[in-house]
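Read through the structures below before going on.
You will see two complexes here that share chain A, one where it goes with chain B and one where it goes with chain C.
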Partner chain A sequence: MANLIEDLKLDEFKEEVLKAYPKKVARKRAKSIVVNDPDAIPVIQANVRTIPGIITQRGCTYAGCKGVVLGPTRDIVNLTHGPIGCGFYSWLTRRNQTRPATADAPNYMTYCFSTDMQDSNIVFGGEEKLKQAIREAHELFHPKGIAIFSTCPVGLIGDDVHRVARHMKEEFPDCNIFGFSCEGYRGVSQSAGHHIANNGLYKNLIGRNDNYKRKYKYAVNVLGEYNIGGDAFVIEELFDKIGVDLIATMSGNSTLEQFESAHTADFSLVMCHRSINYVAEMLETSFGIPWAKANFIGAEATAKTLRKVGEYFGDQELIDRIEKVIEEEMVPVKAAAEKARKKTEGKTAMLFVGGSRAHHYQELFSELGMETLTAGYEFGHRDDYEGRRVIPTIQVDADSRNIEEITVHPDPTRFKPRKTEEELKQLKEAFDIEFNEYKGLMHDMKKGTLAIDDLSHYEMEKLIEMYKPDIFCAGVKEKYVVQKMGIPLKQLHNYDSGGPYAGFAGAANFYRDIEMISCSTIFKQMKAPWEREEYVEAEYVFN
Partner chain B sequence: MNTTETNTIKKPKMGSPVGVGGYVSTRNSCKLCAPLGASLVFKGIEGCVPLLHGSQGCATYIRRYMISHFKEPVDIASSNFSEESTIYGGSRNFITGIDNIIKQYKPTVIGIASTCLSETIGEDIPGHIRHYQEANEGNGKTLPTFIHASTPSYAGSHAEGFHNTVLATIKTLAEYEKAGSHVTILPGMVSPADLRYLKELLSDFGIKFTLFPDYSETLDNEYTAEYQLIPTGGTPIHEIQRIGNSKAVIEFGSMFNKTALRSKDKGTIQTAGEWLESTHYIKNHQMPLPIGIAATDRFIAALKDITGLELPEYHRKERGRLVDSYVDGHKYIFGKKALLYGEIDLVEALAEWCREIGIEPYYIKSTDFETLRAEANNIKPDFLLGNSKGYYIARERGIPLVRVGFPIHDRVGANRMHHIGYRGTQELFDRVVNTLLEYKQEHSPIGFKYM
Partner chain C sequence: MLLRHTTAKEIDRKALTINPAKTCQPIGAMYAALGFHGCLPHSHGSQGCCAYHRSALSRHFREPIMAGTSSFSEGSSVFGGQANLVQAIDTMFTVYNPEVIAVHTTCLSETIGDDMLAIISKADEDGCIPKGKSVIYCNTPSYVGTHVTGYSNMVTSFVKNFATATPKKRNVINLVAGWMEPSDMAEIKRLAKVMEARTLMFPDMTGVLDAPLDGHYKMYPKGGTTLEEMKLSGDSKFTIGLGPMTTEAACIQMDNKCKVKFEVIDIPIGFKATDRFLMSLSRHANVPIPEELSDERGQLIDLISDSARHLYGKRVALWGDPDTLVPLTEFLVSMDMKPVYIVSGTASKYFDEKMPVILKDIPEAKFMCGERADMFRMHQWIKQEGVDLLIGNTYGKYIARDEDTPFVRFGFPIADRPGHNYFPKTGYKGAANLLTQMVDAMLDKFDRVCDEEKVEFQM
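Presenting the complex of A and B:
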């Protein structure tokens, strides 16, 4: 298999693709396209602004804050302050699912509230309209929380959403009202919005409820899991099976109360490092909760993550329960993998999506015997590629400086390290659990593969043209371009309405879906028989 | 009239408690934003790449919405403002953006629409274009044609954006020479199938015509062995130019770009057809979208009037079949109530058609889905007629939704949905009748399979 990567000469891609760009652009893009070597991970340029006129997969800061991080929480009313489009486009489109406890428990996720700014608001300011909109939301639902999200014009016309939030909180003391300065232009991608959202979660929600009632002895948080296609449900069920409380999932299938109680957990598991590592760090600094990278995408990865939980708590009963669950769950998964592998073995994949998915899904492909040729993130940073060890060396540019860095101190009364330094060291030595660490995507990719940050449309077309992968993973914006080129595309933002893909059951789902795609013959029929070169030949083939 | 027009309901005063009936906030909006409409028009110009001048998020969102509807690649570039550009202006971003589009796509046209951000800071896009042309012309380079449309969403929805861009494009390009014999059709925001139908009809008629915009191919393309960076199709530049010399214009719509709340502009806003009439002295035939027999007859009559040609036999028979099917089908739909929503041009045309076939149409001008949802409690409609976004109301009420318009994100084939002319009406009629029949069948205690 290693030969496959060598034979493909992926390193030729860079030279070829840069030809079409103006010189300055080529120089800039060159730094974001690197040939990987897991033993000597090269530097990759990431989290820098997309060049104007280059068509990118990336969205905006507002999208990262409102759509990604706060979107999946069902009992906070999300109110977009701005012209109508931004709110409309972020209206429950990511297929985040949620399960209210009862039929009449609050669920505002299907609501798209907007101040729908008009001319006069741009000229005279929109704060009064915003206040009125908050009154309306309050009157309609009496929600526990209202979050205000700023779009691009808001900052420019000088509306202060935080002042409005404070003001309205006085009017409605029973409601937690808070604002986000997440104007779209603030950062280079969604990532800035994640950071802003993390800060807001910490300032306005986390730590407000000390009375979480546990069902089991141990409790964890799962951070950076957004319940696409029902993934969070699968994870919740797994924790219930092994008998561990899952206090807060951030933020798939979540409620305001989950955020408020997250600080009572014993351990944080971080799925999407990019979007939530700030909260993970803050929970550690303020309350003493260690975090470790986890992955529920892939059956083996799921088993490994669960074992990590057992080892962390060091409780033999728990460890036994976990082993039993793994053993049981693995039976159908193995069967599904075996069946799928007949079709998928030796095929190739490319993954360009998100800030962690391009890494996590490589697990599933390798379980299918498929080789990942190249991968990259839409909004990852260097640490998501090269590992957290590079964080001190990352240059802070004007765009990053825009985003507030909040300083967090140990909570005077509630800071309680869940493990001593010594214990953490032992856990690392005995079980190789790395705390507060993420090794990044390149660590797990083979030598000679390509890592490409913020893949442009043009580069995507070139990749496909040159290497014809068997499957390309990205989002709906790329879907029809790729399929027009005769390559099937699997959507990893919303799973083409499929899923769940997390955990054991999810892995089996994924195997089946990929097997189906691999068997599809439609891509062979794109040319009519008389247009195909082999047509004439085929006519004479006997039987 | 069966139309409920609650748009006259008084909005509560700022700072007062929520009043009955009116909201200041928009709850589940029924409209999208202006640059989306602009992008749609730009996609209907041959060789055109759209550029949104502002931050990248708008382009990404708009692309996602158009792609999910048309299920086709939709490339829209952005000049990608940073915080710095909001302070010092976006001219540098503009230049880089244009440079890169030219290098990658070699387009014949670049269509530039503003966003709320660039409008708020008052970017001078015509100025940027002029500077770019001055700096780059002369050294042997042929530059693409630039078209600019001003599309702040705080002053209008996607429908305004669409019509304003049609107007801006024609204003930029239309020649003013001796009148020709061709007819210009400005179809408004219709589907690719509708556009293909118009072309077929006019060709069968033997009429020389210009259809603008024409995204029938660019947004509903065949699979081609070679990937097309800019999909083929679209109204060619030279055809848009000669719109200025056409014999007559037919434009479909009823509100066009005049639904915006900007009262100061009311009365001064012109549609593209009105502009051509007042400045190029071309007779403008303005009429609602031809949905239904009466509306299509009106359109055909105008064509006959302008050209003196006769409706071809084939199309005459389509009309006959439609009449025949009304006779057969009307008893299943007569007296039913439909709740309509979407672009006002489409909704008003659909409402006229509903009345034609005996369905009671209900709609509210410029509203949001939550108001509609509340109204539905009083109206008790039998079905919904509109885009995917109203599905939740249909689901809640347990009634069917017949999908028309934009966006349709929960079905395939939105680009092949045909709404206009005798044939389009036929398709729509059959869909509505069959949907209601299916509903009846599914809710019947008897599993009948014969009616």
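Presenting the complex of A and C:
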């Protein structure tokens, strides 16, 4: 396999692709395309402005805040303050599944709420319309919470959504109303929106409910899991099986109450480091809950994560239960892997998504015997590539500086370190639990593979042309481009209506889906018989 | 229930839109620009706008949707987007080599007041626009009008920038296509061809958003109205606009600029609107309507009469854009159905004037367009008294399931079913296609829920 990567000469890509760019653009892009060496991880440029006109995968701050982090919470009315588009495009487009406890429990995720700003609101201000919209939402639905999301013009015309939220909270004391300054232009990608959302969760929700009733002795949070295709359901079931309370999943299949009780957990597991590490840190600083990087994508990764939970609590009964669950769950998973590998072994993949998925899904491909040639994030930071160790060396630029940094102090009454420094150190040494640590994507990628940040359309076309992977993983904007080239694309944002892919059941499901893609014969039919080389047309001799 | 909080009780909403039957201007401009060959649309605003529009169009068409963005940062929002757009133009011509870049604005660049003409001139002065290539623009503030307005504005901009009148008139009829599917455009072109009328359609998404899979990705697929054709459109002898909301402005622009007279008619959905289209084309192109098309019409009438029992008096709720809703409502009424609830988020005089006339014999019909004429309101009406059929975009599936009501997908976006860009809903064939889907949907439900002894072998 190492030979495969060497033979492909991935290092030739950079020079080749940069030729097409204007000089300044080439200089800038050069820093975001690096050949990996896990033993001496090179610096990659990430989380910097996209070059205008380059055709990027990235979206905006609003998308990261409303769409990603707050979108999957079902009992909150998410009200978009702005012209109609932003609310419309983030309406049911992310496949965050949710399962209300009863037939009449609140679920607003199927609804789209907007102030639908008109030109008069832009000229004279939109605060009054926003207030009225909140009154109407309250009258119609009596929700427990209303969150306001700012779109681009809101910040420009000076509407203060936070002031409106305070005002309306006084009018409706039974409803938790809060706002987000997540205007689309604020950051360089969705990532700014994640950060703004994290701050809002901490300020407005976390720590408001001290009365969480546990079912089991131990309790955890899973952060950065958004229940695309039902992933969070699988993880919930796993925790129930091993007998550990899962208090809050942020934010897949979640309710406001889960956020409000998250501070009562003993341990936070961080799935998507990029989108939620801020909350993980705040929970630790404020309440003393340690966090560690975890991964439920891939059967082996899931087993490893569960074992970490057992080791963290150091309870032999729990450890035994976990081992039993792993043993049972692995039987069908191994069978599914074995079956799929006959079709997938030795094939190649490229992954360009998100802020963690391009890393996590390499686990599943490696379980299928497939090689990841190149990978990169759409909105990752250097720490997501190179590991958190580089955080102190990351230069804070103007685009990051304008995102609010909130100072968090230990809670005066509720700060209670779940483990002493000494205990954490011992656990780290004994079991390799990554407390406050994420080693990043490049640590797990082979020598000679490519890491590319914020892949452009041109680079994508060139990658496919030069290296012809067997499967390309990205999102819906890329899907039909890649497939026109005859290469199957697996969407890792929305799973092409598939899933779940998390946990053991999800892994087996993923193997089957990739096997299906590998066995799909339709791409062999792209040429008509008369266009194929072997087809020789007969000619009349007298012509 | 998926929409468990929707009840029959309406309140007088003044500010809150719930479940909109519309979206914003820029996506319409992006869609329209894709109907011109060699065109790369460009969104002058935050990255998210472009990402959202590309995603929405990709989900709907299941085809590549390419467009650039000016990637505004906080700085550009304060100081203006000139530097971003100039760089975008340079990058796109260098890397992606389009014939024309069609820029549309967003609520962000409109609020800060970017002067598009000045920025494009600057790009030209800086040498970022290669010889023979063009950059055009239209203003599409998201807080004015809807996606329909954006479509209209971009089509008008193409006329403004390219249509040229020369002394040499051509015996050609311009067909300005309103917001419809490539399949609908292909069907209209086929009808014109059968009539042997010489026509020039713009925009034209056929061959762009229904491109074949052949192993080669083409950034600029074969189809689309070419810029050469757009230039020639100024020499055509007449223009027919299909859909007032999306084409009237372009027709007026063509008349003002090139003195080409025009007529704006409905998009040919249903037999009456198709009749009017054929008669208009026949009159202006001076060609007869051949027997072949009379036969097609007769086939449709035959099909309707065969299904009449399943159509008569059926109550229908529909939502979408005025240009499609008006002829669709007329089609339903012409089959003795009862379109009782109709909403469009697009404010429209055309809608307000036509609907009362079309629905004059259905006193129970409720219809509304503009702000807060949304799907929540329509669902509330349905809660008050149910319907037999829903016709509209994919967002209707949640109502369809909750109310167990047959559902035919029509409009934008259709994100959950394939084929709409291949099978037309215009012309007699399209009407037959639509009719069949409607009858199928209603009978499928009947066969599923009726008493066992009522299950019939025959229709």
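In the analysis below, the second predicted complex is superposed on the first by the 533 of 543 C-alpha atoms of A that agree within 3 Å, B and C clash if a C-alpha of one lies under 4 Å from a C-alpha of the other, contacts with A are read in each partner's own complex, and residues count from 1 in each chain.
Heads up, the rule we're going with is that a contact is a pair of C-beta atoms (placed from the backbone, for glycine too) under 8 Å apart; a residue touches a chain by one contact, two chains touch by 3 or more.
Keep in mind the model is a prediction, meaning the values are calculated, not measured.
Once the two complexes are overlaid through chain A, chain B and chain C clash, as defined at the top of the document.
Applying the stated contact rule after C-alpha superposition, one finds that A:T115 touches each of chain B and chain C. Judged by the touch definition given at the top, the superposed model places A:V408 against neither chain B nor chain C. Judged by the touch definition given at the top, the superposed model places A:I319 against neither chain B nor chain C. Looking at the shared chain after the overlay, A:F141 reaches chain C, while chain B stays out of its contact range. Of the two partner chains placed by superposition, A:M466 touches none, neither chain B nor chain C.
In the superposition on chain A, contact of A:P106 is made with chain C only, not with chain B.
Touch criterion met: A:A20 reaches chain B and chain C at once.
Counting contacts as defined above, chain A residues 20-22, 25, 49-63, 79, 82-91, 93, 110-119, 121-122, 129, 131-133, 135-137, 139-140, 151-153, 155-157, 184-186, 188, 398-399, 402, 457-458, 461, 475-477, 479-481, 484-486, 526-527 meet chain B in one complex and chain C in the other.
Contact residues of chain A toward chain B in the complex are 20-22, 25, 49-63, 79, 82-91, 93, 110-119, 121-122, 128-129, 131-133, 135-137, 139-140, 151-153, 155-157, 184-186, 188, 398-399, 402, 457-458, 461, 465, 475-477, 479-481, 484-486, 526-527, 531.
Listed in rising order, the residues of chain B touching chain A in the complex are 12, 14-15, 17-18, 23-29, 31-36, 51, 54-58, 60-65, 67-68, 71-73, 75-86, 93-94, 96-101, 103-104, 115-117, 120-121, 152-155, 157, 221, 223-225, 227-229, 261-262, 389, 392.
In the complex of the two chains, the chain C residues touching chain A come out as 1-5, 11, 13-20, 22-24, 26-27, 42, 45-49, 51-56, 58-59, 61-77, 84-85, 87-92, 94-96, 106-108, 111-112, 141-144, 146, 211, 213-218, 345, 371-372, 376, 395, 398, 415.
By the touch rule above, chain A contacts chain C in their complex via residues 20-22, 25, 49-63, 79, 82-93, 103-104, 106-108, 110-119, 121-122, 129-133, 135-137, 139-141, 151-153, 155-157, 183-186, 188-189, 398-399, 402, 456-458, 461, 475-477, 479-486, 523, 526-527.
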